[in-house]
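Residue numbering begins at 1 within each chain, and the chains themselves are lettered A, B, C and D in the order written.
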Amino acid sequence: MAILVDDATRVVVQGLTGREGTFHGLRNRAYGTTVVAGVTPGKSGRDVEGIPVFDTVAEAVAETGANTSLIFVPPRFATEAVYEAADSELRLIVCITEGIPVRDMAQVAAYLRGRPSTLVGPNCPGVISPGRSNVGIIPGEICMAGPVGLVSRSGTLTYQIVHELTQRGVGQSTCVGMGGDPVHGIGFIGSLERFENDPETGLVVLIGEIGGDDEERAAAFIAERMRKPVVGYIAGFTAPPGKRMGHAGAIVTGSSGTAQAKAEALEAAGVKVGRTPTEVAELVEGAMA
Amino acid sequence: MDLYEHQGKELFAKHDIPLVEGSVAESAEQARGIAERLGGKVAVKVQVQIGGRGKGGGIALVGSPQEAEDAAARMLSEGFQGTKVTRVLVERLVDISEQFYAAISLDRSAGAYLAIVSSEGGMDIEQVARERPEALRRVHIDPLLGLHAYQVRYAVGHLSSEAREGAAAVLAKMHEVLATNDATLVEINPLALLTDGRVVALDSKVTIDDNALWRHPELEGLRATFPIDPVEARARDAGLQYVKLDGEVGIIGNGAGLVMATLDVVELAGAKPANFLDVGGGASAEVMAVSLEVILSDPSVRSVLVNIFGGITRCDVVAQGILEALERVVPTVQIVVRLDGTNAPEGRAILAEANHPRIVPAETMLEAAQRAAELARAA
Amino acid sequence: MAILVDDATRVVVQGLTGREGTFHGLRNRAYGTTVVAGVTPGKSGRDVEGIPVFDTVAEAVAETGANTSLIFVPPRFATEAVYEAADSELRLIVCITEGIPVRDMAQVAAYLRGRPSTLVGPNCPGVISPGRSNVGIIPGEICMAGPVGLVSRSGTLTYQIVHELTQRGVGQSTCVGMGGDPVHGIGFIGSLERFENDPETGLVVLIGEIGGDDEERAAAFIAERMRKPVVGYIAGFTAPPGKRMGHAGAIVTGSSGTAQAKAEALEAAGVKVGRTPTEVAELVEGAMA
Amino acid sequence: MDLYEHQGKELFAKHDIPLVEGSVAESAEQARGIAERLGGKVAVKVQVQIGGRGKGGGIALVGSPQEAEDAAARMLSEGFQGTKVTRVLVERLVDISEQFYAAISLDRSAGAYLAIVSSEGGMDIEQVARERPEALRRVHIDPLLGLHAYQVRYAVGHLSSEAREGAAAVLAKMHEVLATNDATLVEINPLALLTDGRVVALDSKVTIDDNALWRHPELEGLRATFPIDPVEARARDAGLQYVKLDGEVGIIGNGAGLVMATLDVVELAGAKPANFLDVGGGASAEVMAVSLEVILSDPSVRSVLVNIFGGITRCDVVAQGILEALERVVPTVQIVVRLDGTNAPEGRAILAEANHPRIVPAETMLEAAQRAAELARAA
């Protein structure tokens, strides 16, 4: 099972012929992901180490049965790529691209409402179900298969925590890097809901950070709907208020949105919150024992 | 990118949002001249990106050109709450009948813009929201359709009847400002009904989406007018996110979340960060070298912590960058380096071979933070 | 029960102070409909024979608990009225207005996707659940309560058939005048689905006409999903073919759009199709016996 | 509102869709002059709103100005398939390499516009769609976002590589024509790749949404140039939908569905409609009077059937209108009147009291149709 990506995942890489697209497309394939096609306008008929390239997603889907898109397209064209993938009704769209204007993403979000595709990202590391399929840039070698579902707003922080889990012999069902942009696709709640319904997931790790209220809303969802245990981590307890932290998702807005408030909301929902990545791994290990 | 009050008002003027007459002065003499032109009774306002100017002495209401000159001289020489002031805005004093609040900002959880109008303005709006929520009306704006007339009608429907028409026009134009300039925030506090019946913007807060600045080269140019710390300027020119803090450990990491977690772990280890710098994804050796130079140029740094988890970023490249930096600057502090993820063994081997006296390798993030904290305390 | 409108329906009339709005708003109230509010910009504080008028739907809903809108607004402003009602998440929006540009309605249809409101119309006579609630311009006096659900693309033709049913003593659960505009809200399928799930409806009458392929798609739905009997009528067997219908329309639907083709599609789905309104009433009477 | 070929092409020209050089002629002499200017080898095309011009002799390919004049003279005098021809389009002959089909039209069931491009054009496109569906590509266009570049790329992706770029540009501009003019159909058949490499529109079919004409006064004006039957003109001036048919019963009803059902029932009763007229909702006495005058002015009418089911329309008003009409025209045929719904008893009473010899009341729609059919046969 796992969530979002699994053995049935067939990936088309939008922007496959670009530098990052080629690097990560081949890396995902080397991991074992079924990468069936690439899309680059004007380059149909070529291939990237055997992966055929098409002009449009529609043609790629018709020829290869792709059901998942992985987007490495510059920010000015990335939302067009998302619309294109959505119009082909791909079940999953993973948009790695960083730097997409908020207005463009807000329009995408409005467009996706009520459509069958799930978007992950943008500005995210992607999704991996260890041992099965890796769609994105999460280093596959730090992961191992197991019962922990993980969802995170942050990229490298996710790697850190996954790494610490794996070092302790605790494997993961699926790791979801939802990305830190203010307007994004799947969030904590969508991921938690899928983990709750996934028989292979026994426990969920939620990695949040300061800014916004995603963690507070996730806490409410956990209190109402989750039966599986959740371990949390919030980055930014000591971050200076109001200073930009590298992406817009990490601006502290007034009193709510602080790491303290988020940790308290999660704890009130029964989530054990670790203060360091190491403590998170220890809490998970303890809960699984 | 946050605009200064006067820059926001210049955008407002382009979209015909009513303003009070005024101009920017960069010297006390200029301020006097503007005050003379406006008839003497003026407000002199520091141009800074900090709230609370009214209470903090950042706004002077004066009765003559001489007083305007004096106020401007004081502001330009003393600064405001520790921030340098290079410009003041001099505006004609007006008779205010009522004060409101109006804003359009991104609602992250809805993935859409939200207009907020409060029948009480000119004060801390978060307090109003907490204590008198009925004073606020909110409407979500569809990103494809824009702001409908009925939404404007609703948003201003709780204002006094004299103010409604003027406030409605301003709100519609605020949305124009937002949409035309890729703003993520357009805020007016206070939006004032004057005794002459006009509804005018007495302040402006405008934030432009950095990711959309390529669509607005005219706004990108405004950034050049911002006063900025030279160290921050160097980092920014290299495309790096650098933030100055008040502790003693310099921190370099890759990715905002990991950097924030590193700050937290350093504090738990009993030290305080002096600054931090996010090298982002896929950092080159050159980027690492510049980053280390920037961090080390801060005299309050007693130790440095480099915490890299390689994903796109390759740890061997990071290690090379660290060594390059050490050829260009001679550090007086120890640099704790923790490398993990992509090509970490290669990176660690490069550092081990170099065997530089200032480099202290660490196995884990926790160990690295503890080591950096100890070194800072010992230095 | 009935569908769409019932005893819980609370109507706000958008455009209440206009000529038609006043006439039909009061007529609906006289029928027994709970008409709680009107909306006309700039006229808040007034009332129409005791029905309070507000500037916006949001205010009307906040003050009166309206859950259904009835729109009598000129075509240039009617889609704005639909957006306004949808933003207040009214459960039902009945738009009587005729003459709305297709492009405007296509945008409304895109906006309503995935939102909780059901739209009926535009250019429609509305919905009546006889004896309970009448939201629109269907003459209440020709209807009577009973077990027949009716859905129709046509206005006066609906009255004709309802009249013939009532004259035979066959009452109706709900009559849905879906309207004849090319882009519209609820259609045959949405209505049929609701009737199928409505315990008070025993049989459904479907009234179609030439053009488009709504009836063909309804036939497919009936064959697959309906267990209740359906009686059909198609107007336009002898109507002259369009003087110059572009070919694109026929390619789009893959259907000729003729009455003959529609009647055959319905009959193939087990629907008895009457050739005159009188025959429809006879078929219904026979099936109910 | 359907535009003539040359009117559609004028819209195309405004949006830079490539066309073949040509002009409209209203006389054979004009056609000759245009042909001379174009070098002699031209196509002369009747301007009618009927398909099948190619097979039916509506298009003449000629080699000299004299032949163009002769062809135009024949077309303008003889008409086309029973339709009067007042204008011909004279266009330069071109060398065609390939023919395609492109259209954007409303997809009613999707509530959105649909672009269709066929790699085979210049023929009956419905046949192509049935027999070689793989020749057609379709893309839905979101009404809020418009036509995306990737959609255009996909839609023309099955054309020959020489044609793709040109066809893509045309398709994007067809959408511009559609969106800018509130068209519900923009069709080009054939869209041709010429031997010189250009992709041009050889025909045009454009339908404008009647409900949106108020946004396009310049298009509304085109209607004045359409040749029209004087009876139809009178009905249209009164805002009524009148259609001429070839039977003997004149039909007035309210609402399109009821009118169509009335036609059906009259045919089942063994007669044929001579014409029909929809008075729409809320008809006034004046509208009823004009309607009856229009219907009676058709000499083929042997009997009239007025079938009104009152909703917004009030039957007493209808009855008054009928009586008013009978004061203005002296009918030579019987008028069967069936009134039901709103104020039907009052309406029937008005007619009963008038006791006009030409008025035949009927109780039901079926009875009314049978009566009108009998009277037509007997007349």
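Just so it is clear, a contact is a pair of C-beta atoms (placed from the backbone, for glycine too) under 8 Å apart; a residue touches a chain by one contact, two chains touch by 3 or more.
Quick caveat, the model's predicted, so the values are computed rather than measured.
Engineer: Starting at chain A, what is the smallest number of hops through touching chains needed to reach chain C?
Structural biologist: 1
Engineer: Is the C-beta contact count larger for B-C or for C-D?
Structural biologist: Of B-C and C-D, it is C-D that has more C-beta pairs in contact.
Engineer: Please identify the chain with the largest separation between its CA centroid and the CA centroid of chain A.
Structural biologist: For chain A, the chain whose C-alpha mean is farthest off is D.
Engineer: What is the distance in Å between the mean C-alpha positions of chain A and chain D?
Structural biologist: 54
Engineer: Could you state the distance in Å from the CA-based centre of chain C to that of chain D?
Structural biologist: 27
Engineer: Please compute the C-alpha centroid of chain B, do the same for chain D, then give the distance between them in whole Å.
Structural biologist: 61
Engineer: Which residue numbers or ranges of chain B touch two or more of the other chains?
Structural biologist: 142, 144-145
Engineer: Which chain C residues touch at least two other chains?
Structural biologist: In chain C, 107, 111 touch at least two other chains.
Engineer: Answer with line, ring, star, complete or other to describe the graph linking chains that touch.
Structural biologist: If you draw each chain as a dot and join those that touch, every dot ends up joined to every other.
Engineer: Within the complex, which stretch of chain D touches chain A?
Structural biologist: 139-140, 142, 144-145, 148-151, 153-154, 157
Engineer: Hey, which residues of chain C end up touching chain D in the complex?
Structural biologist: Going by the criterion above, the answer is residues 20, 75-76, 98-107, 109-111, 125, 137-139, 142, 152-160, 163, 180, 182-184, 207, 209-210, 212-214, 217, 233, 235-240, 243-244, 246-254, 259, 275-278.
Engineer: Which residues, counting only chain B, touch chain D once they are in their complex?
Structural biologist: Residue positions touching the partner: 144-145.
Engineer: Spell out the part of chain D that touches chain C in their complex, as residue ranges.
Structural biologist: Residue positions touching the partner: 2, 49-51, 103-109, 111-114, 116, 124-126, 129, 136, 142-144, 179, 182, 184-185, 187, 189, 205, 207, 209, 211-212, 214-215, 243, 245, 253-258, 260-261, 263-268, 273, 281, 309-313, 340-342, 364-366.
Engineer: Under the definition above, what is the set of chain C residues touching chain A in their complex?
Structural biologist: Per the stated touch rule, the residues are 113-115.
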